[in-house]
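Before anything else, here is the set of structures, which you'll find just below.
In what follows, chain A forms one complex with chain B and a second complex with chain C.
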Partner chain A sequence: MSFTDLLTPVLMGQVLLDGMSISSIYILIALGFTLLFGIMRVVNFAHGEFAMLGGWGLYYLYGQFNVPFLLAVPLAGAIVAVCSLVFEQFVFRFFYQKMFQSMIGLLGLSTAMIYTAVIIWDAYERQIPPAFTSTLEFGESIFGESLLLPTDRVVVFLVSMATLAAFYFLIMHTRMGLGMRAAAQDVEVAEAMGIRTRTVYRQAFLLAIFMTAVAGALYGQIYFLSYELGSQPLLKAFIVVILGGMGSIPGAALGGVILGMSETFLATLFGAAVSNFVSFGVVILILIIRPWGLLGKPE
Partner chain B sequence: MTTTKGKGISRRQGMKLVAGIATTGALMGSGIKVVRSQPSEALVIGGVGSLSGGGTNWGLAIQRGTLMALDEVNKAGGLKVGEKTYRLEHKMYDDQYTAQGGATAATRLVNEDRVKYIIGPVASAASLAVLGVTQPNKVILMSGGYATGVMVNNFKSEYNFRVHNTPPEFMPAITAWLRQTYPQRQRIGFIAANDATGQSVVPQLKKFYEEGGLTVSYTDFFERGTREFTPLLRRMIAARTDIFDVDGNTPADSGLMVRQMRQAGFRGLIIQAGGPAVEQVMEIAGPLAEGFQSYDMLNFDSDRGKRFAEQYRALGWQGIMDAQTGAFYTATKVLMEAMRRSGSTEPDVLKNVISTVDNYDSGVYSKISWGGQRSYGVKHQMLLPFYIAEVKNRRITWAAELFPPAG
Partner chain C sequence: MSPQAPLSLGAAPPRTMPGAGLLAISALAGAVLLAWPIVFQGSFLVYIATLVMQFSIGACSLQLIIRTGHISMSHQAFVGIGGYTSVILVMKAGWAWHFALLAAIAAPALAGAVIGPILLRLTGKYFVLVTFLFGEIVRLVFIDWQSMTGGSNGIFEIPKPYPWMNDPTAYYYVSLGFAVACVGFCIRLMRSEIGRAIDAMREGPNLTECAGVPVFRIKVVMFIIACGLSGVMGSLNAHMNNVITPGNYGPMESLNLVVMNVLGGMTNMAGAIIGAVFLIALPELLRGYVEWQRVFYGIILIVVMASMPGGMVELLARLRSRLTGREAHLASAVAAEGRT
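Here is the complex of A and B:
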């Protein structure tokens, strides 16, 4: 197979769709991560495990109790977020504004959650029943062959874009978002201005875990559910957020698109080894030139 | 992997159970003891396998396969070896799916429990570690493991035997079957994890397929933990591949590959020359597993398979039965047959007798034999018949029964 065999319009169109699909997954899993860091300066190494809990939530609600899919996804996110307030009360709040301590502390929480999951659900992988199994075919008149787009990926893309837009609106155009931004800029000044930062932190925590759990639910459905579901989302979220700029919402979107597109194009055109090498090489390069990320702000 | 679905207890069975409990209670209450005649001298068969972590189903296959064989013999009054009759016991330790765990388990069995025979483990790393303990202590080891080192080692496999097929045993037959069944499909592709296992599997597969007359159209490696295989699968499709071999990838990865390959529009044949993990692939790939074919170790639609499944359930085990259970059951029976034939329980005698238990009917397999002389320089490789399983209408069916080449 030569390189030119791959440069066909239909394959390039398909790779573009694949890239958009993967980018949207990366954006979705990065949003909760960047919120916790942006507001509370917490590097949540247990991010992936909250995603895993979202997966289990969907598994029971949709897979076992037959709750309609479009209701089950946000409900799974909400249940996980509310239940996670226990972690907020007993673990997270002690690490607010303590970036380095939070890394180690939450790594411990991550390990504890993983092995608790093994005890509860064992080590076997499970499938959340697919809500959409068909594949959209289109573009034959343009490309000569149909482009294929699985509907489950379309759903992830739409949920991801809707979440991104809603999240951006909430942060930029609501009173709650204003409080969060104020607390993110300067906690002491925000408190002096009458903002109850404890409440703001709790709201931000709820929101972050809700988005993470929704991301995990969809991630678990398009891949599979297991106790180690969280390891890949954590890695990808970390890269996306560092690339886009810690705490920046547009940065998370840009980072997700760059990572998703570069991985997809490079892997399709040159294979997995080149893709990994170049993708991470680009991340290193960007961080050398702009250590605060593409859309982040220097501290 | 094959499911043995549990059935609810029938009314008649329930009555029998109640009557049995009542009778036992009455006898106990009256002071009468029910004693079944058992030989007094025990012979302990050791076991090493994963009873926790990712390889648990394989560990359970070792444990349950061995227990099934021992239970059969004990129920028949024990194992008669020469003039003596033994009551068989089983002692097994968890290797935690690691080499260190395997070495520790084997050391306990050999040094503390003084066992002379060990069945298991399955994982290559653990098997090699156990071998390092059993060989110096002259303990018979009947293990699994795809690594060539399990058979080709410094010890010349003096006391160890491999009890399931590996690629040199099943690949020639699978390749020939593919050529015969799908003559129009000529180009095969596969991807594997970028680690020691994957890098040893890919050249092996390439060699077997090319020797069998197929063209290897595409191979690549992916990082462990990858969930999105679509870019690599698109490359495979672009290379005009018409058979995709999921090869020895983990069950979960295999299921994802099958699903993503179909979602990418692949209309060719998807097989798994490895595993076997048909049920897990069906679990992950869902309806897109339709038409998936795989190497399998047991045929649960056959009379033998059904009997074996019933025997398994009769011991109280429900749910998924790992297809390797049959191999370890067979290995235990072969070990006992070698004791019967030689009239000895000594490893130094048995090491020369085990591989003479040829053309042996283990109950679950009608004919097992021994080979390996040509591939490994020692005739310590058990050759088991195997099957091609196919997913049809969301059920596992069996498309063919194949045999490893002799020698």
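Here is the complex of A and C:
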């Protein structure tokens, strides 16, 4: 396909929607990552594995038990988040405020979770059945030919946006969110002001895992479901968080949009290999020039 | 470290004559290593020991970087550069292996010289993250440069360096020789003037800089040396396995080298070797239960990092302090950082 063929408004519109839906998934994953880092100073290398659990949750709820899709996604996220409190109690708790140890310890958790998944579910790829197979058509009067949008991508975008909106509300407009923001700024002062950091940590953990699991469920439905599901999302979360600045919530949103959009457009125009190289290269460049990211604060 | 030496903050003690105990231990270890392939002639254990030799080179060279205070997650990428260089030169250009080995040292060292000065400006978590990504990029290059590297399938039917090295025992002795040379070089380096400067600049970079030590230059030079040494492991390993694939050189495999250092304790070459023995021998002996041993590996990592971040060396120090009644000194700044 040549360059000019692609530059029609219709195709661009489709690529744009693709980019938007993938961006929103990246943002969800990266927000969880950045939340854990910002509040607990934990670098969660096992993040992708919680996304994988979300995928399995949707696989069973929607694929096996036929729970309606729009209910099954948040339900899968909630179940995974609540069950993951076990990990909080027995693993994460020991790594709070210990950045270096958390990296290696949680890589250990990641390995253990991946291979436990292989033992339980074997190593073959599965498909989560598609929820919507139709396409939306519109815009014929504007462009001359109609814009075809796959409904499932639109739904992915809307579901992630709803989750993001709920997250924003929780963080900015509730007492719980206030506590989290306080703990993120300075744990000791927050404790001195009477904030129970133990509770705040637990709430933040639940929120982070919930968002990751929802994103993982959506991701698993778009691509595939297997023990390997987590590795790509983790890498993306990394890049997004570095781009935006570690621990910065608006930074994660900005980074997610930049990565998702540039990846989709580059991949369409030049192929996946080029898009990978460019995104890694740009991130390394940013890290060298501005290690604290686009919207982060220098330490 | 002998008990008489003051337990300072991980710095190498002043040069002393090795004590009788140390000499006895070295002699015993040397005898075991030399006798190993004769005792276990033709068995799988010789192969495992050869692997341990090769990974000791990787782990000890990585420790040269870690000691400067940078935890590199792309070391295995440099091992891969060395391996691919050696294999391609031998198979496509028809070089003799000893020349290819020199190139396999030069190539990663050159790559380190280019990338090191850029990456080493970063510290702490940023260095970890950026080397993680760099390792991923190198892996992608190995995959996408199909005409040279054979893509994700890699290169097959790699010949042994010399025909007489088809014998596993011969390969063992060659690896042993290289391991002793490389590890000995690392140990000697860390006990020299430069080694003390390195330990000082990890604990207090600004202070060391003020004392007139060219901190950044030493870091870059150590990075280059470490990358060059890692090429030895790459070449030996690729020619032994007969096959080289990109999957062996990603960030997760680099992590393995880091973990060897972490398990053993990061401020002691002996720790890196203990870690290599533990991490290579255990999985190879439990081959029938791959999934379970990976799960145990993960759990061990969690437990070690949660309970004794200083590794086995810290464990020994604690035991010693329990015995002598003195307070244990933390051997590593990284461990100390974890306490806060």
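By definition in this document, the second predicted complex is superposed on the first by the 296 of 299 C-alpha atoms of A that agree within 3 Å, B and C clash if a C-alpha of one lies under 4 Å from a C-alpha of the other, contacts with A are read in each partner's own complex, and residues count from 1 in each chain.
Note that a residue touches a chain if its C-beta (ideal position, glycine included) is under 8 Å from a C-beta of that chain, and two chains touch if they have at least 3 such contacts.
This one's a predicted model, so the numbers in the text were calculated from it and none came from an experiment.
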item	value
Touched partner set for A:Gln127, first chain B, second chain C, both or neither	first
Which superposed partner A:Thr264 touches (first chain B, second chain C, both, neither)	first
First (chain B), second (chain C), both or neither touched by A:Ser226	first
First (chain B), second (chain C), both or neither touched by A:Val15	first
Touched partner set for A:Asn276, first chain B, second chain C, both or neither	both
Partner chain(s) touched by A:Phe169 [first = chain B, second = chain C, both, neither]	neither
Doubly contacted residues of chain A, that is, touched by chain B and again by chain C	235, 273, 276
Touching residues on chain B, where the partner in the complex is chain A	53-54, 56-57, 194, 217-218, 220-223, 225-228, 230-232, 234-235, 238-239, 251-252, 255-256, 263-265, 280, 283-284, 286-288
Residues of chain A touching chain B in the complex	1, 5-6, 11, 14-15, 18, 22, 122-127, 129-130, 133, 135, 146, 148, 150, 223-224, 226, 231-232, 235, 263-264, 267-268, 271-273, 275-276
Residue ranges of chain C in contact with chain A within the complex	71, 118-119, 121-122, 124-126, 128-130, 132-134, 136-137, 140, 144, 255, 258-259, 262, 290-292, 294-295, 297-302, 304-306, 309, 334, 337-338, 340
Residues of chain A defined as touching chain C within the complex	43, 91, 94-95, 97-116, 118-119, 235, 238-239, 242, 246, 273, 276-277, 280-281, 283-284, 287-288, 291
